[in-house]
Amino acid sequence: MGRWILARARVTEYRLPIRVYIEDTDAGGIVYYVNYLKYFERARTELIRAMGVDKTAVMEDGSVFVVTSASIDYLMPARLDDCIEARATVIGSGAAKIEFEQAVVREGVELARGRVSVALTDGASGQPKRMPATLRAALKANENKGEVNHDG
Amino acid sequence: MGRWILARARVTEYRLPIRVYIEDTDAGGIVYYVNYLKYFERARTELIRAMGVDKTAVMEDGSVFVVTSASIDYLMPARLDDCIEARATVIGSGAAKIEFEQAVVREGVELARGRVSVALTDGASGQPKRMPATLRAALKANENKGEVNHDG
Amino acid sequence: MGRWILARARVTEYRLPIRVYIEDTDAGGIVYYVNYLKYFERARTELIRAMGVDKTAVMEDGSVFVVTSASIDYLMPARLDDCIEARATVIGSGAAKIEFEQAVVREGVELARGRVSVALTDGASGQPKRMPATLRAALKANENKGEVNHDG
Amino acid sequence: MGRWILARARVTEYRLPIRVYIEDTDAGGIVYYVNYLKYFERARTELIRAMGVDKTAVMEDGSVFVVTSASIDYLMPARLDDCIEARATVIGSGAAKIEFEQAVVREGVELARGRVSVALTDGASGQPKRMPATLRAALKANENKGEVNHDG
């Protein structure tokens, strides 16, 4: 399929079911708000995997994806034993950068939503690094241009 | 001192020293980016404590502070065994809301900076709730109006 | 079915598939050893749920299950992106206590194994509390008396 | 001082003060029991540092300390905002192994105690590896032979 891409897939949004365990909660009796960023990342990881990106090849190349910024709005709390869904979609990408829109949803209701920016960097220097053309093409093909359905 | 306020203190910024342990890191060999939000919260907690807020009284009142939004930019990675500093300052407040500016710094160099919004809510209903006048006054007195020194 | 038991089920062992995410790893490049206890708990939680225990009824009763001791041996490391399995089985139970045998397995190979003891307590006093007869019977019925297959 | 040892120090026990933050708690309103193992590790890390072990040299040597087993008994819960103390002491050591006794204490009262075994391994192969004589001597010199004071 070309550098770093194992398969050609069309996945404009990934929805990962997640069960809330006690490890996710805090003394307020709800999910500790920081952990939503972990849920976001699980969904991003599965989206990238579903898009056919070969993480082993990325690593062997000495390249590392790093989060450069994140923002999140909290709308409703998730609770112990809830079955929730973490969602990730690519809403933009550049030479060295991917922009994700993310959400955590319970039974069609958004509990949190946010944006996460990821950059490809050289593992040794930490400097931004151009993504291979095949990866850029895969990202462009799967980019979501506004059709994300926030109603669940 | 008045409702929820145990002492009168002037603390426009709190700087909390933190040692990075293995629990904070990830397979990239650096601090897992999600954990900066934990560092932010530790500094906020100490700032609120230093301002004389009586958390026990807040809880006995059935009130809960919840994070409503957070945003963070990652500039440089922290590493295992680093001695870093988490910083928190109040940059705005309303009837039911506090806005913090936050940073993680290592030897005067910013590794991450962000904003966190916190609301006072009724623990049972989850609805926003006006803060007592004494707390609002304490927040206003300690609000930072631009004099935060980002050079460390 | 009787107090705290929603259904009658025969589940001598629960095997929960888990994907390893970056949040689970540490700077050693492997799963942070402390997190195996989280994997253990996820499997215990699902075992208890599969046995038909009504956690809502437990909570409404003012009762809390607490971990009183845990031990774990680490045999092989799990790594980023691994698909592993957390296992839980009841190997003993008393008036107020449940003893679990646990393991984390990857492709039939044990990575970690351990024991976890849980006690039922009164949430307010923290004192041990007898479990309802229906729960004790369910535990006895599902107790594993040595037939756990460690070969995967 | 010799291989891996930067300084000669006599530290039979390390006591690390720790503040409990919301990140440490769970929906039971107390410290999530798994996190005591993190507290244990922080104290072990500081004990090793205080003993003068040069972790950079260990890493440059391609060696890694890994936890091979852990056991813990939970006696009393720690709560949000508590000031607790994590303690670590070496109670035994061999060619490739260190055995620690650990505790978490609040105002002189033990909340948890346990044992953790650590092995030196070759980072590439994962095989156990003999510690340098200087490190073994440092461990022996600081070994605690029963004089740990559990009364706080």
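In order of appearance the chains are A, B, C and D, and numbering begins at 1 in each one.
Everything below uses one rule, namely that a residue touches a chain if its C-beta (ideal position, glycine included) is under 8 Å from a C-beta of that chain, and two chains touch if they have at least 3 such contacts.
All of these numbers come straight from a predicted model, not from anything done at the bench.
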item: Maximum centroid distance from subunit B, chain identifier (CA atoms); value: C
item: Whole-Å gap between the CA centroids of subunit B and subunit D; value: 30
item: Approximate Å spacing (C-alpha centroids) for the pair subunit A, subunit D; value: 36
item: Subunit D residues counted as touching two or more neighbouring chains; value: 22-23, 28, 34, 38, 41
item: Graph class of chain-chain contacts, one of line, ring, star, complete, other; value: complete
item: List of subunit A residues in touch with subunit D within their complex; value: 22-23, 25-30, 32, 34, 79-80
item: List of subunit D residues in touch with subunit C within their complex; value: 28, 33-34, 37-38, 41, 64, 66-74, 76-77, 126
item: Of all residues in subunit B, those that touch subunit D in their complex; value: 19, 21-23, 38, 41-42, 45, 55, 81
